[in-house]
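The same chain A turns up in both complexes below, where it pairs with chain B and then with chain C.
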Partner chain A sequence: MSAYWLGPLALWVGLGLTLYGLVAGIVGGRRRNQRLIDGAVGSVFGAGICVVFAYALLTAGFLADEFRLSYVANNASRAMPVWYKATAVWGGMEGSMLLWAFILACYSMAAIWIHRRRHPELIPYAAAVLQGIMAFFVGVMVFSSKPFVTLDFTPVDGVGLNPLLQNHWMAAHPPSLYLGYVGWSVPFAFAMAALISGRLGTEWIVAMRKWALVSFLFLTVGNLMGSHWAYIELGWGGFWGWDPVENSAIMPWFVGAAFVHSIMIQEKRGMLKLWNVGLITATFALTILGTFVTRSGIIESVHAFASTNIGVVFLSFLVVVIGTAVGLTWWRSDLLQTENRLESFASREAAFLFNNLLLLGIFFAVWWGTFFPFISEAATGQRISVGPPFFNQVNKPLSIALLLLTGIGPVIAWRRASRHNLQRNFRFPVAALLVAGVVAVVLGIHSWYAIAVIAFGAFVLATIGQEMGRGTRARMRSKEERAPIALVSLIGRNRRRYGGYIVHIGVVLVFAGIAGVFFVTEQSARLAPGESVEVGSFQVFYRGTDIERGPNYTATVANLTVSENGGRAYRIRPEKRFYPEGQEQTTTEVAIWSRTFEDFYAILEGYQPATQSVDLTIIVNPMVMWIWIGGGIMVFGMVIALTTPRPGAPRRRVVQPAKRKTERVGA
Partner chain B sequence: MSDTLLILIGLWVLLAAVWLAFYPLFGGAAESVPAAVAHRRELEIEKARLVEEIHELQLDYATGKLSDEDHAVLEARLKSRAVEVMQQLEATAGRSSG
Partner chain C sequence: MRYYLTAYIIFWSGLFLYLAWLTGRQAWLNRRAAGLVERLIAQGERGGES
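== the complex of A and B ==
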């Protein structure tokens, strides 16, 4: 007797528990009925267990080659390596829904467990909202996108996973992206709980700042992994193509970034309360919108799943989410009044506000470009797409302004910057900006964008260096520490602030990497064995072709040696792979010689067996490495910021030396 | 593992999930967090937040992001609120011990 019928049963039970939790949380919270509140909390764990069980059961089906399950048969095959079988669970729509619910279950259980005693007034409503979100995803799997459908017969083998997805970056990319997407459910749920309970001070903001940062961190990692996958797997030489699905992943990142910044203004100055509720609602709604875009098939994309009717369901949920949030915000509008007004445009508050507006401006440009085909078709009957030039043209000035604000924000004074403050804090960074700009021009750089990135990047790095230097000196004076110890202690005692600065260093490096696209060299060539071609300063020599067999594919591999200016030669091997099973698909596996300041990127476009000649596209991509390095530094900075002890958490006691001067600063 | 065993484990897990959600309805007297305890917890969180705020304020001042005047005003405001919170905490401690 097969055990897989337990899967649908677990989802049905889970659905029942989520609906119970939704009602129990709201009613229990309003009537202050502790039994119902405990029931709502218990339902989060009960439903969570059901979903985790269903996920484990489906994974077991993949690992056991259980092709009687239709979903397994369509997304796996016997020849696939075990690693890809485990990751194939989210290779199709039904499994990706289950992955979403699985991650939501884990987040919900963790959030409710951590905050159940610290924020008892918010918990019933937060549990109810989380259960409402879970009810939607489990409901989709119960009624529409069913992962446990069984066939009338057992196929000998499965169709196999899309070969493009058989890449370790792509295996890790969806969970990371989903950890980012789904993570925003927690701050959204607590924001709604704050609205329902009327507790709209800083309580929910303080409680949720780490959850927001965790989501932002995973969304960053997910986008980096996705772009790295595109760079090495799609074989067109770039890392971001402004594809609708890529855009859907980056849109919540922009709005989430705005939220992560603007909550600081609410914490410090009691401003932007309404704005923050709006931002978290928008971020969460965009995660649903992103899923809608990927699954509905309304917009064509290399990443999108097949066109289905599930889009209508997602759109309906989106309307419910936005409608509920707007309704609650309207109801509580009197409690969302700002405690302080903006006193000057030359202030930290204003810099953060402009930062928010620019991030939203970039988001809106991406949203408009992504949905323009859909909008144009609805309005005129003609589907008109906008391509990368639109996105690049609109986003270039906005992103440059954002880079400039990345430098201004951290050093400008709160409330109102005086002339003295401006001179003291901006003299050195502005000098760095001018020097870097002049050096860029003297070096012969013509692209205004590249010059601006270099100049503004220097400005940002100078502000961060100045901040760290001043903080270190203040600590050296007050604690009598040596400079390296003072710097480490400064960062350790102020992880949120300096973690943020480290993120900004990463942002500058990512910008530098992106600016490299203006200096790309590309050349195509047909080479017979023994022939060579020169691309820029590189010499490429073609030695011949091998045919190799992988676990579930056959590869045609071109053997190339590359050297720069006649120096040491390196062997690189671009491939074309043919996956005979199921979809009979061919993929391009590029060969990349990654170096600090430029990547040598070779694509095998074609092979003529008669002459053994190959068609190659060679691209020299400057600065790409800095995107990954900068991304890594951003992630590192976020991790540092995340390790900030929560308010009220016991700090490790440090034995202080007996001789101490009176402290002047708290650095 | 045989399918029968897997089914038994699965059914047990699902029953445990249902029990988790419904036992509060049928259990003994539900214990809510007493209002005084909840209030004290809120005050402690508020106090910790204020200490963090004062620390941040001093760092902002030391790195030149606050004028003397703004620093004095904000510091006085935060310290006054901190004293208020600590007095409330003492009062709640006094009530609970009395």
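== the complex of A and C ==
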């Protein structure tokens, strides 16, 4: 198809428009020149359309097997299913950059369109910052990672996508993660706009609350999907390996979580203004750092990083972003003074501050563990690697303290909690904590972390249950509603607060799922057809092996029958797949019998054709299901919190007495 | 305010020291593991010769 010259053209035009928008927004905003401001706003849509067009063109190239395009030839093949051809667009560096720019274009157009009338003073600067970010990514595609480079000949077939990426979870994971990563650009842009314009009250915070929540939601979904993919595709039995790519995705999540919590303090009490600007800058910088870590080659070695220019380009952008944000913050430091001071340790402000401190502590520990090998290699020439035990050990106490604060923060009083408030709100949860802790010890649980998760988890659930119970009973009395209707109405009337509670229920369940790793049973076995093995309470019977052909692979499939304590038997089929095209790669497809409290996880490690025997690793993973259930509940809670009506928007029905009650104790 | 600043400094100092100790221990464990591997290889080679 000869139309591919349109791709680079669209990117060049887009780059010109972004640079124009960057300058026009700043100059127009400072001089209050409406023509320049309109030009900046228009450039967001012009550049956005160019990028969307380029993305659509590259996708069309993949779907049409246009192997003349070098990028398509290196990341797709004819035999790949259509679904994976469409998702192979972001299988390499060039497409990832285009996906970043595509999502940023959609977010930028939506944000500028939605806020153009509501926040006219912020718009020119926000447009300028968004265009500045877009200029970087489009510039990378114009000068360095070019997605539309054509070959001198047309290959008969392409190399194909890495087989590990040919999995539906991995197909959905990058867009979700990028929706989370890129989404933080919008609050960052408005924060910078607030700094430039000097409007540093709650305006930008209120305007950006939902954008931050959307980004946080997608980042949560992206991390869950990536974790689920690792669990079912990588075949080592775990769901989180603390490798640099995973860590890069989770670091902005922790800082973003701190931001989502701390903006409440600025909204309610006019505190933490400087802190919030710092947090949103850090979150955005970490999204760039995440892309940099994944794409620069620094994971392999600092020398690999030094040999490619893309790493230097990203690092330079990171320095510009942080430098600009720090400079603007310094310039406006007099407007970032707090309006109120902390009055007591026993207050919601203090609980939120400690929550922030712990989230940042976890982030810093992950950052340290991720970058220490690179720092040690750069400083001494010898890489000192830190593995999962380091991350687990450092995060155990921090995460447990965070879980405890998840219960304290939402119910402790603002400003200064009285003894009466503490007794009223914490008597029942503390009793639940003690009972759950004692039950855990009596049941013979030895891991202190598992005991703490059970006890503190019960504490958090008790605080939430108590709050929801009180609200529901109040509605049942005042409105004469039945309990389920009263509960739904209660949540509907203060979605932000109760959505947050639902997220916290999900957090407790995720913690419970993670604590399950202390009770894992693992066993390896070599079985000939007709032989069986016992793993814990499970009996595994090996019936034989099939050779099957997929669309672009050949699979060796072990037929296993599993039953628990002689009960009903289930067939499961772990596989080894061989992809002949491209790099001739072999992948392991695990078989999982997922149950509510235990996953039976079988890995086919090897197959001896002569004897037809198989080498198996069998893992019994308790509680893993609760990570996915808890994650789903977290996402559900965020969606509820997102549906909160905009402040000032007309409400359908306002009942004053109930509103006063929720405001008094609400988050 | 002084109390909060103190709590803040104690938290970060404690965390930093904990991280430094853990990474130092990890480096020591890495060296020990590398030494063990070397010894096992040398032992294997001697066994192979005999």
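Criterion: the second predicted complex is superposed on the first by the 635 of 667 C-alpha atoms of A that agree within 3 Å, B and C clash if a C-alpha of one lies under 4 Å from a C-alpha of the other, contacts with A are read in each partner's own complex, and residues count from 1 in each chain.
We take it that a residue touches a chain if its C-beta (ideal position, glycine included) is under 8 Å from a C-beta of that chain, and two chains touch if they have at least 3 such contacts.
As the structure is a prediction and not an experimental result, all values here were calculated from the model.
Peer 1: For A:608, select first, second, both or neither according to whether it touches chain B, chain C, the two together, or no partner.
Peer 2: neither
Peer 1: Who does A:393 touch here: chain B (first), chain C (second), both, or neither?
Peer 2: second
Peer 1: Please work out whether A:643 is in contact with chain B alone, chain C alone, both, or neither, and reply first, second, both or neither.
Peer 2: So A:643 meets neither chain B nor chain C here.
Peer 1: After the superposition on A, what does A:474 contact: first (chain B), second (chain C), both or neither?
Peer 2: After superposition on chain A, A:474 lies in contact with chain B alone.
Peer 1: Does chain B (first) or chain C (second) touch A:316, or do both, or does neither?
Peer 2: After superposition on chain A, A:316 lies in contact with neither partner.
Peer 1: Look at A:494 in the shared chain and tell me whether it touches chain B only, chain C only, both, or neither; answer first, second, both or neither.
Peer 2: First partner only.
Peer 1: As a test of reading the superposition: which chain, chain B or chain C, is in touch with more residues of chain A?
Peer 2: B
Peer 1: With the touch criterion stated at the top, can you tell me which chain A residues are shared between the chain B interface and the chain C interface?
Peer 2: Comparing the two interfaces on chain A, one with chain B and one with chain C, no residues are shared.
Peer 1: Applying the document's contact rule, which stretches of chain A touch chain C when the two form their complex?
Peer 2: These residues of chain A touch chain C: 341-342, 345, 350, 353, 357, 361, 364-365, 368-369, 372, 376, 384-387, 389-390, 393-394, 398.
Peer 1: What does chain C use to touch chain A in their complex?
Peer 2: Per the stated touch rule, the residues are 1, 3-4, 8, 11-12, 15, 18-19, 22-23, 26-27, 30.
Peer 1: How about chain B: which of its residues touch chain A in the complex?
Peer 2: 3-4, 6-7, 10-11, 13-14, 16-25, 27, 30-33, 38, 41-42, 44-45, 47-49, 51-67, 70, 74
Peer 1: If you look only at chain A, which of its residues touch chain B in the complex?
Peer 2: Checking each residue of chain A against chain B gives 1-3, 6, 9-10, 13-14, 17, 20-21, 32-39, 42-43, 45-47, 49-50, 53, 57, 117-118, 120-121, 202-203, 206, 268, 348, 411-416, 418, 420-421, 424-425, 467, 470-471, 474, 493-494, 497, 647-649, 664-667.
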